[in-house]
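Across the two complexes that follow, subunit A remains constant while its partner is subunit B and subsequently subunit C.
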Partner chain A sequence: MRPNFFHHLHPPTIPAEQARWRHTLGAGGTAVFLVLVLLVTGILEMFYYVPNPQEAALSVQRITYHVPYGWLIRNLHYWAAQLLLIFASLHLLRVVFTAAYGPPRRFNYLLGMGLFVLAFLLDFTGYILRWDVEVCWPLVTGTNLLKTIPLIGDFLFRLAVGGENACESALLRFYTWHIFALTLPVVILGVWHAFRVRRDGGIAVPPPALRPNPERISRFELVRREVQAMLIVGAALVVLSVLFPAPIAPAMIGQPVLTEEARAPWFFLWVQQLLKWGDPFVFGVLIPFAILLALILIPYIFPPPAPQDVGRWFPPSNRLAQVVITLIAVFILVLTLVNR
Partner chain B sequence: MSTLNRRDFLKLLTGGLLTLSGMLGLGAILRFLSYTPETVRRSQFDLGPADRYPLGSRTLIASIPALLIHDETGFRALSLVCTHLGCTVETAEGGFACPCHGSRFDPSGQVTRGPAGAPLAWLRVEVNEAGNVIIYPEE
Partner chain C sequence: MRRSLAFSALLLFVTLLFAWWKSARAPQPVVLTPVLTGEPEYCLTCHADLPEISPSHPVDVFGCVICHGGERLALDADLAHATLRGGANPSDLSVVEASCGGGNCHSGSEAAGRDHIQRVLTSVQATYAGAIASIRFTFGAQPDLQAYLGIQAVTDDQTLTGISSLAAFDPQAETHPSIQKFGQECLTCHLWAEPRQGEAYARFTGCAACHTPAPLFSSPPIFGENGGSQRGVHRLTTAIPYTQCNTCHNRGNYDLRTMTFVERTDQPTTRIEDYYQPIAQFVLCEWTLDCVDCHTRIEAMGDGDLHPNQASIQYVQCKTCHGTPTELPLTKTLTDPEDLAFKLAFLNPVIDLQLGDTILITEQGEPLWNIRLLPSTDGGEGEGITYEMYGKATRQYFTFRPVMGSGCQQSGENQSSAYCHTCHAVERHVHP
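Entry: the complex of A and B
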């Protein structure tokens, strides 16, 4: 049989270390599965969702309360999106903590960071598509943040909003970004990312001579483990979807309602907390971008990990990178928890 | 001085032309996306006859949004758009509070607690010949 992309990702045998849960956490593979769930449920939602400010929230209500199994499709989409951010973050932490980003994997690390940013943008645009009373202030603050950027701010705002008032005219833009202009890059970068994993020698493990365990597993065993993970994650998604429905609120029509407290979506609560401290450009744009830049540059500014450390948890030769990413993670977690 | 042979020259030319047309295309796409429809951005709001707003009244005009105050000095209007990131402030104890990042303003619009850096804006209000209250949010 002619080798295809599936065979590229699943060679006849791979080192057993590369497919251990305790080594990979299964995080990257789980993220791929969640993206597949998101694509399927997202396409199904498109059959009923109406990207029009007057009807959007009502069409979400229709999906949730009237369409047969619409609630399940929507809740699966919601939970897969939230879990994607968590598993993508775990994947990033795993890659740094096991020193897996060194040459020749630096380029693939960049592809991964691109996917990471796209996942957050997709989650935010998807959240806005609810177009109910809870999303107006996060939308206003998020798009007004663009305006604070010197020189190109107004241009970016127009690119994102397509009008003067975000809560009136941003819906069609956010829809197009969400459905197509962000999703297509995710698919392309995602396939490229998976291709590069194999091209770079598979999941990072110590070189053969330094490997404590020479055991290899077959393609069939690898696929068996992947299917097992998909079943577990799929079951978890169904349980979450049944027990905890995705948030929904009354439609936003005309003027935004007055609220005592407006909350950002959970994954941007840390930015909202930062913004409470002062100047929007410094706290809402510069600091988050500095954090992103620090993450992106990890493979470039820190010395490459020693060969025997590649693929080991918390090895000594990349301590500095571990400390930096831990500080960033703790900073974001604390801000998120403080913002209540 | 190194010489540029014909093959290298053509390569350079092809690369340059491709880059140029790519940049032009990208510029066109960005211009395409930056279009903003000519909105009927209202520069004045007619709030109807002045006698609807008796002396001592404070009326929330949600469509601006602004607070129309009628006191001994006449009509005044305070913008309710938070100067930090544009959420609408709420009336709260001791003035106004922003729901988004917790800025506080006193009844005259001055900042009493950050993160907002500028006071709420006072808007121009007029009563025209017909006796209607007009607010000019742009000025």
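Entry: the complex of A and C
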């Protein structure tokens, strides 16, 4: 069979070990598929979405209730975005737990962390684009956190919001961030990340001499597996979209009353919980940033994993990195659950 | 591998079929673009079976959202109803300005007769000022019977009664236990208040307390088969039957010793037995007509001034329609097609008023538009003068004659009902 365009995006053969689901969890590939779903459904939503404070929430209602299958497209976009955060997190955990971040993959790890941060920012900006009464509190809180940063806080706030009052003027900024200024970097970094996976020798496995199984699979088999994974994830997305509609709330007209029940989106519930503990700069900016920094520096501050440990689950040579990321994950998970 | 690929494709296909099935089951949206807003709304998708609320609020002109609020584009009940004003009752006084107000609607100028909301908010039905003042005076919390407090703080910039404002009554701020208890037990019959529990008290709040008369308990849920449990009818009317007034005015009495409301326990079977107030004499009008046949808009809804009590605003007497031995009732011949009488007759078309008709009016000039002078057969001293009247709520037809020319010798100065009862009352058993 002659390889087509899609086959050519893959190496002719790869070690069979690398393509096993239990080795990768399929997390990186699923994340790529989810990004593709987000791009397609996002473009479709743009045909109807109106980035204007008076019209935005109404246009979301139009998409949800009146555009043929608009509800499905919006729900797919929503669920793909939520799953992207979950699969990106799983991907990060897998990379650390299988010691896959060591040289020569340290730079690609940085690219991945960049994508990880961008995914969260995209999710947050997309959440704000609903422009309904539920988004005002997270918007005000999130953007006010920027103000607490010494020296550059006000500048960052203006950059993000474009005015004095977030709930009145941030929509166009967030729209541009979401549609262009964050999405374009995701596409560039994403392609770069995928390129570096191949450049760095594919998905991490021990050197050939240390591999227990020398078997390889062809690009045809690899593409088939990817297609199958896409079909299954696609089916799961559709089921989620049909059974659990994306949240929607009354349109935000003017400055809504902020209530005590105001909640951050689920992926920032842990930050909201932190904010209850004290100074917003310390708990809302410094600690989350320190956690991010710790994650970013994992390949640089911990000794490189032993060659025979690369691509093995929970190897002994990077135990410290495993403990650190586990503590971070548990910390975030517990704060999220406490604040539910 | 190919088989599992085919199975996965089939799985996705089935889920897409599931999505198609869900989409096909959704109700076909019904759009309405009201003239007044020009913005499409989809409430009729679920509420197509609701009758138009009144002839003066045609749905194709008003739509639903301009009064009720709500998310006009939503087809999901939770979201669509999330921003309803006043729940099922947009006329609740806390939201009435947003729902029913506006210069061209019910909070316009007095001259244009569109100051309904201002009048109601300052009326004793909303302030409950007389009852509050009476109780506070009785228990020594204020030196006289003047009105100082109302249910809500309210002002009247152009007072003609000398009362320019009322502060909000706060039972918790009172020191006398009886006044505190009055606040807890006895504030159920003003327009801000939710009614007492029970079918006999069932009414809405705000404008709908009077203008949406309905046997609420026996009515079907207002949202019909589409969900919801709020009972009632989708109706605004000026044809208000006495039963609606009874939900507040005739369901029992206050016991000042225990400061509780004592509900009536009898089951009246006749109209005259339906009265519960501690009087035993009624003239035919009082137990045959509806309250709104005699009591006017100003009496019920206020005149825009803050009044100290009910007696201060109530002014219609027997002589308003019947005159006195020396005077005929006041009349007005309709010469202006824009006369208020025509508007009121349009809202409640029980009578076919024509230009040139002569109707009765009150001392304050309010048209008694459902009472018309019949052509005279004899012009002397009231003889041969007959008036016709259509019941506003029942459409019953009556004719009556003025006192002048009859054998009545009652002084024109003494015209309260007690005087007329002396000769014209029907006696009934007095409730214990």
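The rule is short, and it goes like this: the second predicted complex is superposed on the first by the 329 of 340 C-alpha atoms of A that agree within 3 Å, B and C clash if a C-alpha of one lies under 4 Å from a C-alpha of the other, contacts with A are read in each partner's own complex, and residues count from 1 in each chain.
As a convention for this text, a contact is a pair of C-beta atoms (placed from the backbone, for glycine too) under 8 Å apart; a residue touches a chain by one contact, two chains touch by 3 or more.
Since the model is a prediction, treat every value here as computed from it, not as a measurement.
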item: Touching partner for A:Met252 - first (subunit B), second (subunit C), both, neither; value: neither
item: Which of subunit B and subunit C A:Val140 touches, first, second, both or neither; value: first
item: Which of subunit B and subunit C A:Val242 touches, first, second, both or neither; value: second
item: Which of subunit B and subunit C A:Asp279 touches, first, second, both or neither; value: first
item: Partner chain(s) touched by A:Ala170 [first = subunit B, second = subunit C, both, neither]; value: neither
item: Partner chain(s) touched by A:Val205 [first = subunit B, second = subunit C, both, neither]; value: neither
item: On subunit A, the residue positions that both subunit B and subunit C contact, one per complex; value: none
item: Partner subunit B, residues of subunit A touching it in the complex; value: 137, 140-141, 144-145, 155, 158-159, 162-165, 169, 255-256, 258-262, 272, 275-280, 283-284
item: Subunit A-facing residues of subunit C, complex; value: 1, 4-5, 8-9, 11-12, 14-16, 18-19, 22-23, 29, 42, 71, 73-76, 79, 82-83
item: Footprint of subunit A on subunit B - complex, ascending; value: 30, 33-37, 39, 41, 62-63, 65, 84-88, 90, 99-102, 114-115, 117
item: Complex contact set, residues of subunit A against subunit C; value: 58, 61-62, 64-66, 68-69, 71-72, 221, 224, 227-228, 231-232, 234-235, 238-239, 241-242, 248-251
